[in-house]
């Protein structure tokens, strides 16, 4: 039952991961200026490192297998452009920063989004509902990087309320986290609202009222608990969105996170870093989607035991 | 007891067949959808906005005497004026002209990506949904695994490796973008194929193609339209995203994304260079989102009044 | 026989997109302690609205009690605030709804859902509430109650779920149980079980029951008295014997005639009442049933008939009972069933107050 459910998802995840790892490998070979192309305009130490890591003198299928092996042992190889630095170094220095930023954004998006959504649903068809949903549509329509620039320009540059860039104090985290959180927050608000509205129209709400429960008890114990299920499902795509959003946000605010390294490596065509970080991110994303699925399975009792025993 | 004339107690002529008449006039499906859509003020606003933007995309560049690529370094970075309605950029190019040229590119990308997603998705989803069984399982498993590949990462990878250009970008976007449409179409087809008019059609000897094209796909049109309308803003977003990463269309072509990204370094001094493309990105995405939402609500049977 | 519930002149309307729907247009009835009253009618007759109005479950807007009183043990429920009703719902009045699949919260354990009622109305601990839940599950005939109390609704079959709903409604020993089509969504065999259960419980606990249904077969099984509703009004009311064996309203005749019966003549077609109920945004001027009534007279289209008293317990709202009305014969299948019923007045009298 539960094990089968998880097992299936893990296999899918590994297959997708396999696809992406292979894709990065293939693309590396196709890249102009990549280590496999003829132009060896690189300093000899790097060529030596690359050779060692990729076995450039070996036939491609052996290189492929070696690559898969090293990925599975969490070794992403040396940087293309930075002598002496490995991809792993960049990941371990940058990821904690990005993680913190991401977590902040997720928390803001969840907290405000859910509250806004529930509030909207309770005031259905009144002006508060309409206003909140218009704001939500705006939130979804303004890309995070434009929001970031907007916040930076108005609140930091012109009004001097927050620092413009860098990652030195709590105040530095506010604008970037807000920019990252804006679109997901709007999504969550809309999702929560429609989920609440659906739940409120269900028969068991009427049953709860017929039992004499107070309005508050009905909303919290019966409505919100059921309305949250789709929001939990959304946590997967949410993580993906925040992760990819962080690339540009970190660039705009000069935050030394993994996203910034990634963006820089793109501009520099630092192929090993691009590959390594891509694989790392993919693992991260697939793992978080899996975790969310498991979480959902734990919360919704109908999933837990489906395929198991049914009542007599 | 009140006095009632005796003749009131004579039998009245009751035409019982009259009793079976239906009183309210019925509306055809699409007429109902159109009516409901029109009532949605926000959605109608979106439609007007879209019409305006498309109009300007077509005619905007012709409204000025400037060209989107000609440099005029003497007049670089000038704020909006009667000469240059949206100001100029760092190479002295007219921002107004470039904005509407950029509109063409961004809209083209959005539309192409959506259309390609549409074709692949509809074909894949309808075959998978109609055939069912093993075929369906295999097709959807493949789609699921492909879907697991993080979309933006894949797009970035492809843009890094291959020649930057419009074609590459669209291919990159549609490589996994069709899966959403496929799922929706499959869902619709599976729902509809069990309806009686399909069985009737089969009994009359219609082949699969005919059933698909004449019955199942047209009846899924609603959901297909909604999905398409919501794919376009996503493509515009992705294009802008790629541009910010330096992976956008090559100069001197301008898309809104590249214009905004180019404007970033000098934001503090020449804000108009970011303002215009950024605003239109947001407005266009907003318009499509709102129209898509409106369509979805207008098609929802549960919201019928 | 003391009266637990008295509904006087109840009128309820809904403000809608298309106008004001007069769902209930002057309803009078009462319920004695310990008895079962069945309210019968087709969809749209107002029977569900009536029961939900008693519990004040109708959202007010768009609903509105335009007039009338609902005296429960002397207290007018129509005047109570929502907060005051919270103390009555689940405690003095319990309610069972139609579809057991959707009336239970899918993410909450069954024991907790029953326990909620107990905790709300008697301030006991969670452990005691759980004990009571197990007791109730036993009362409604669910096997292995100690295990099942920790299960979720989807682990129960339809009939079992309805038993859980009944257990929930009885949790605080209510004086009145309102059952709104409790067996409609269930298989016929399960239906019989549930009805037996309810009769059994009534014997044990002496609860008064209002049973709403469109199925006359169910009525014959469980009810002491019957009220027939049409287009928001009660058109006939009496004991089960009176309504089944001596019906006076053409609509009741229609309902009885459309009941399949084992002793139908082989070639006889099943009679159906043609047409549909009237649009209640614009109720007809006279008798609401006139347009579908083969026995309609001219006056049926002009004036609404008053309630006529046929015996102390039997009432019908039709001009056919007026002394000047022609004598009509009910349809053959109804006539075959008819029997002599005691205590009938020699001529019907105009009811002083409806339903009195």
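All chains are identified by letter, namely A, B and C, in their written order; residue positions are counted from 1 within each chain.
Just so we're on the same page, contacts are C-beta pairs under 8 Å (C-beta built on N, C-alpha and C of every residue); 3 or more make two chains touch, one makes a residue touch a chain.
Here the structure is a predicted model, which is why all the values come from computation and not from measurement.
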* To do: Tell me which chains count as touching both subunit A and subunit C.
  => B
* Asked: Measuring from the mean of all protein Cα atoms shown, which chain centre lies nearest?
  -> B
* What chain is the most remote from subunit A, judged by the mean position of CA atoms in each chain? -> C
* Asked: More contacting C-beta pairs: B-C or A-B?
  -> A-B
* With chain centres taken as the means of their Cα atoms, state the distance from subunit A to subunit C in Å. => 55
* Asked: Measuring from the mean C-alpha position of subunit A to the mean C-alpha position of subunit B, what distance in angstrom results?
  -> 24
* Structure fact -> dist(centroid_CA(subunit B), centroid_CA(subunit C)) in Å evaluates to 51
* Enumerate the contact residues on subunit C facing subunit A in the complex. => 55, 57, 82, 85-91, 94-95, 97, 99, 102-108, 116-117, 120-121, 143, 148, 151-152, 154-157, 160, 165, 168-169
* Asked: Can you list the residues on subunit A that touch subunit B in the complex?
  -> 12-13, 15-17, 19-20, 23-24, 27-28, 30-32, 134, 137-138, 140-143, 145-146, 149-150, 152-153, 157, 240, 244, 247-248, 251-252, 263, 266-267, 269, 274, 278, 281-282, 285-286, 289
* Structure fact -> The residues of subunit C that touch subunit B in their complex are 17, 274-276, 279, 290-303, 319, 322, 324-326, 350
* Quick one: in the complex, what on subunit B touches subunit C? -> 1, 4, 6-12, 14, 16-20, 23, 305
* Asked: Which of the residues in subunit B end up touching subunit A in this complex?
  -> 42, 144-150, 152-154, 156-158, 160-162, 233, 237, 240-241, 244-247, 260, 264, 267-268, 271, 274, 278, 281-283, 285-286, 289-290, 293
